[in-house]
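Think of it as A, B, C and D in the order they're written, each chain with its own count starting at 1.
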Amino acid sequence: MKTSTKQPLLTVNRLTKHFHIKRGFPKSVSYTVKAVDDVSFHVNRKEAFGLAGESGCGKSTVGRCVLRLIEPDSGQVFLQNTDITGLNNQELRSIRKKMQIIFQDPYSSLNPRRTIGQTLEEPMRVHKLCENDNIRDIVIDLLENVGLSAGVIDKYPHEFSGGQRQRVGIARALLFNPELIVADEAVSALDVSIQMQILQLLQNLKEKLSLSYLFISHDLAVVRYFCQRVAIMYLGKFVELGSVSQIFDEPLHPYTLTLRNASPIPDPSIEQAFAQLKGEVPSPISPPQGCHFHPRCAKAKDICSREYPKWIELGKGRGVACHLYG
Amino acid sequence: MNTIARFKHFGTETYHVFNRNKTSWIGLLLLTMLVLLAVLAPVIAPYDPVEQHIIQRLEPPSSQFLLGTDYYGRDVLSRIIWGCRVSFIIGSVSVAIAMFFGTILGSMAGYKGGYFDAFVMGVMDVLMSIPTLLMGLLIVAILGPSQANLIIALALTMIPRFARIARAPTIAAKSKVYVEACQAMGFSDMRILVVHIFPNIFGELMVMGSMWMATAVRTEAALSFIGLGVNPPTATLGGMIREGFKDIMSAPWASLYPGLVILLIVFAANLLGDGLRDALDPKLRNEK
Amino acid sequence: MLQYIIKRLLLAIPILLAVVTLVFFVVRMAPGDPAQVILGDSASYESLTALRSELGLDRPIIVQYGEFLVSLVQGDLGDSIIRKQSINTIIADVLPYTVELTLAGVLLGVIIGLPLGVFSAVYRNSFWDYLTRIGSLIGLSFPAFYSGILLLLAFSVYLGWFPVVSDPDMGNLGERLHMLVLPAMNLGLIMMAYVVRSARSSLLETLGEDYIRTAKAKGLPGFIILYKHGLKNALIPVITIIGLYIGVLVGNSVLTEIVFNRPGLGKLILSALDERDYNLLQGLMVIYAFLIVLVNLVTDLTYGMVDPRIRKQ
Amino acid sequence: MKYILEVKNLSTAFKLQSGWYRATTDISFALRQNETLAVVGESGCGKSVTAFSLMGLLPEHGSRIDSGSALFKGEDLLTMPREKLRKIRGSAMTMIFQEPMTSLNPVLTVGSQIAEAVYYHMNVGKAAAKKRALELMDMVKIPDPKNRYNDYPHHLSGGMCQRIMIAMSLACEPDLVFADEPTTALDVTIQAQMIYLLNELKEKQQMSMVFITHDLGVVAHVADRVAVMYAGTIVETAPVADLFADPRHPYTRALLKSIPRLDKDNKDITPIQGMVPSIDNMPEGCRFFARCEKKDQCRPDEFPQLLPLKNSSNHQVRCLLCE
């Protein structure tokens, strides 16, 4: 078992997903949205790996491709040694027990017509995980694990607050004793005081159940709090990857710097230079030539508008895609 | 325990739906009375609907014939009661058939998407570009007028409507995150569709079922009026108007009363559907 | 916008083709041999065969279908074998009556229905709103032939304001309009019921939108919010409903023509059925399908005019 | 006239199935000219309801103002005739909403929606209104206003739509702008631009602003003063520097301790346990009691008043332990 401790739990290798849109008439032009473009990373055991970026950068698509809720175009996704991109439906179903997902919106992620008990019991019945008589006990155990009482089992989602629903969502993800959980903006829809409760719950579960997380969020402060390593995405590509202190204390890529400077820090004594920020995220249908960020970049050079920068490994697991470091 | 809880929930939900909207109660009550009338026709009807009282032709309403007699001396009231039966059978069976096939087609198309969706909905679009009455007319003209053919004709015109009705909420439900959660749980498509999506479109289907039943009854009456309905001497409401129309000046009861009953049936079904829709609409739910 | 129009036009073609094909084959399924119908039951086998080959009925159905399509593209619906007349002429003779009736009905329905729907939405849950809603529900429950009979009895027979039997061919424009009033009212009242209801619910929904709140926050006068911000958005679903129910209206026009004894496609279709004139029946169905597709097209285009989001695609 | 807006004891109630319930209770605050008051709180705490009550934008059915007064430039917004309020609304007092995409009318051009605000309030012709609209679009830094004027909302990004909304709210040089979570729906880089723009415009126009948000980070960078709301009441109000440096109410303290920061390691974060009480089940006394760290030292049945601290009249707290 020596290898399994060193080997990453999840390895994503050159993952690519393009969406095709047809527009225009009578001569229709086919556009390609490179939602995820050549993305590679790994998630270690008992690690929370963050994926951060603004809306439309492709971070959620990565999460769904990893679970194959969306079929990737190319690239591999390894869960330990299994390449899940090559699995048939049968095999996929069994591997999905090892990988689960928590969704952003706690309101629409639970079927409003089914009780919490029904929602949680159904997967166990369908997959015949245990004897029918035990199901209820297991579900009650699980609910207590996520900080809900056994009494909620016959209630409907509308009787709960957002935070409680998210706990149910977490309980559902834990049903199969997964090894990896994709948390897609799992706390973004919650109020600040509830956010932290849920984050701590996830943290505790990580310790208790040896879980790993692929943690997708637009909120850099939350990522810094929750994750050990993080990748910053911009228009479908990774621009920088490293440990959270590396990325947020000494950002290398100008976009990482921009994001950091734009995130308001709850302290009026800190001056933040909001005035320097220019431009909007370009449409993913027609990203700029060369480095996607160069039109908004203060340090852009000639080459930036011509060539997309290569990925540069800087050691200690840190990498960046920027001509400034080439 | 679980089933009981579910049943109770469903029961209270339905009760609340009705309670929220008084008009749906009235519609339901009216419709139930008319259905009872139709079901109990053999018991209630004072005369045999085809029995001709030759000497008492076109008699005005009297204590002997409560709503008068028609050109052949048949009791109008008895014919109306028996006619209701035909209307309800044709209306409900055709809607049931249309709902069954339409819902399957529509929700499959919505769930699968892609070329299957495009093909099915394309066919439905084509069927829908022929107006209901003309479609009914064409089919009955070709297959010949009979109760079964009328049902087939009406069901065919309504299948595309139900397919459309089932498709839209299926697509809406498909984009709901909990359906994605089901996929992540490794549920089969069939299970997701039947267990998780179908209950969401059930309410809308009931509303439309009620309203299209109204349309089916009306269309059946129209076809009978044109002369393409169930063959005489079977009593049908539309057919009675057709026969009574000739003598409308001298004996208006022979055609006006059956018309009133058609109106009543259609109105009751519409009222029920309308009330259900209001009650099921989440936007209006908090209004009262 | 032009692109949008062209796109819609092109999309209408396959639908039309499919409907026409459907009609062609369904009509061929009809029992009874046209040659037999023309010559009667006592006709000899030889004369039947002769007539069949004269009419082209002995050729494979695919060939007949091809010919039917070719002449259709040239705008020729063929000849009625019973009436021995071009179907184009037969239909052209009565088409104006149906068109004028339908248009008058739609117009009447929209002109009265739209303001009534707005009124009902603005004074929601008032006594008048309740009355309007019940009234419109009764309106759309009426079988067109029954409402026609009632109108005829009330206005022509008892009040004597309108002729009992319409013959719009006679007389001048004034008389023609006079005869149109009752039948148009019959169609219009039912159309109105649909318009009132869709306008009401659509406007109510629109009035709950965020941009209405913005308009209020801007301090705009109430009627500007209602008409400029509310109604224009609310019209979009109403247009769809109007388009959809023109299909119902076409069916109702058949019934109306029968009750009021007006010439038109509806009466023609009945006589075609009576005479078992399947060629004519087929021609009429094609014309109806064409009209419906045309209405859908107009609906789509109006849609595009009102909603800039649709234009853009 | 010391204050632009002076709200006293405002309470707003909503009708639920089982009766009327207070969404906000006893809201009092005052706003000086060219001052930004940030109203911060979690969802459902009544911060938007307060703004809607003052703007007269509460739904006509199912809501009512129970008590209070709100003097805007000396006149009570809550009792003035509707027509008068309508004329103030959109000119002297305006509002920016959270969802820029749905808050603009999809079938009207963005330019005309700005011009409309000018046209109906300033007694000018259509051409002058259009000219003013173009000026405003330029002012909120929309590139190429002439061409954008005829665009529809769906042509523009969320950030651009919010700029349109801001332009619209500034059309008649208002004295007071309510900004209801104006940056929440936007990405952080756009949010930063929007904060900068609003701060700049506020100085330029010498207007006052009520900035409603749930994000304490945003508060720190827009506010002159802060009002913290919890479960329908203001629990603490203070100048922004004081509030962050020396929070007094246990809720404010707990809140500040529970948010992670980007510039720190966040080792000492502690979440607030428990949940906000629901609107139909409000406790009689202090609404934070059940979640309060110091509840052992406190009285559960007494409803505290919003009172100034002894040493600083600018800093008010609604807490029995701070009196």
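Structure notes:
We adopt the following convention: a residue touches a chain if its C-beta (ideal position, glycine included) is under 8 Å from a C-beta of that chain, and two chains touch if they have at least 3 such contacts.
None of the values given here were measured: they were computed from a predicted structure.
Under the touch definition stated at the top, subunit A and subunit C share these contacting partners: B, D. Interface comparison, A-D versus C-D: the higher number of contacting C-beta pairs is recorded for A-D.
The distance from the centre of subunit A to the centre of subunit D, each centre being the mean of the chain's C-alpha atoms, comes to 32 Å. Once the centre of each chain is set as its mean CA position, subunit C and subunit D turn out to be 53 Å apart.
Computed centre separation for the pair subunit B/subunit C is 22 angstrom, with centres defined by C-alpha atoms. Averaged C-alpha coordinates put the centre of subunit A at 50 Å from the centre of subunit B. Contact residues of subunit D toward subunit C in the complex are 55, 57, 86-91, 94-95, 97, 99, 102-108, 116-117, 120-121, 152, 154-155, 165, 168.
Against subunit D, in their complex, subunit C makes its touches with residues 209-211, 213-221, 224, 228-229, 232-233, 306-309, 312.
By the touch criterion stated above, subunit A contacts subunit D in their complex at residues 54-55, 161, 163-164, 191-194, 196-197, 199-200, 218, 220-222, 224-226, 245, 248, 258-270, 272, 274-275, 277-278, 280-281. The touching residues of subunit B, when paired with subunit C in their complex, are 122-123, 125-134, 137-139, 141-142, 144, 214, 218-219, 221-222, 225-226, 228, 238, 241, 245, 248-249, 252, 255-256, 259, 262-263, 266-267, 270-271, 274, 283. Looking at the complex, you find that subunit B touches subunit A at residues 2, 5-6, 9, 176-178, 180-181, 183-187, 191, 195-196, 199-200.
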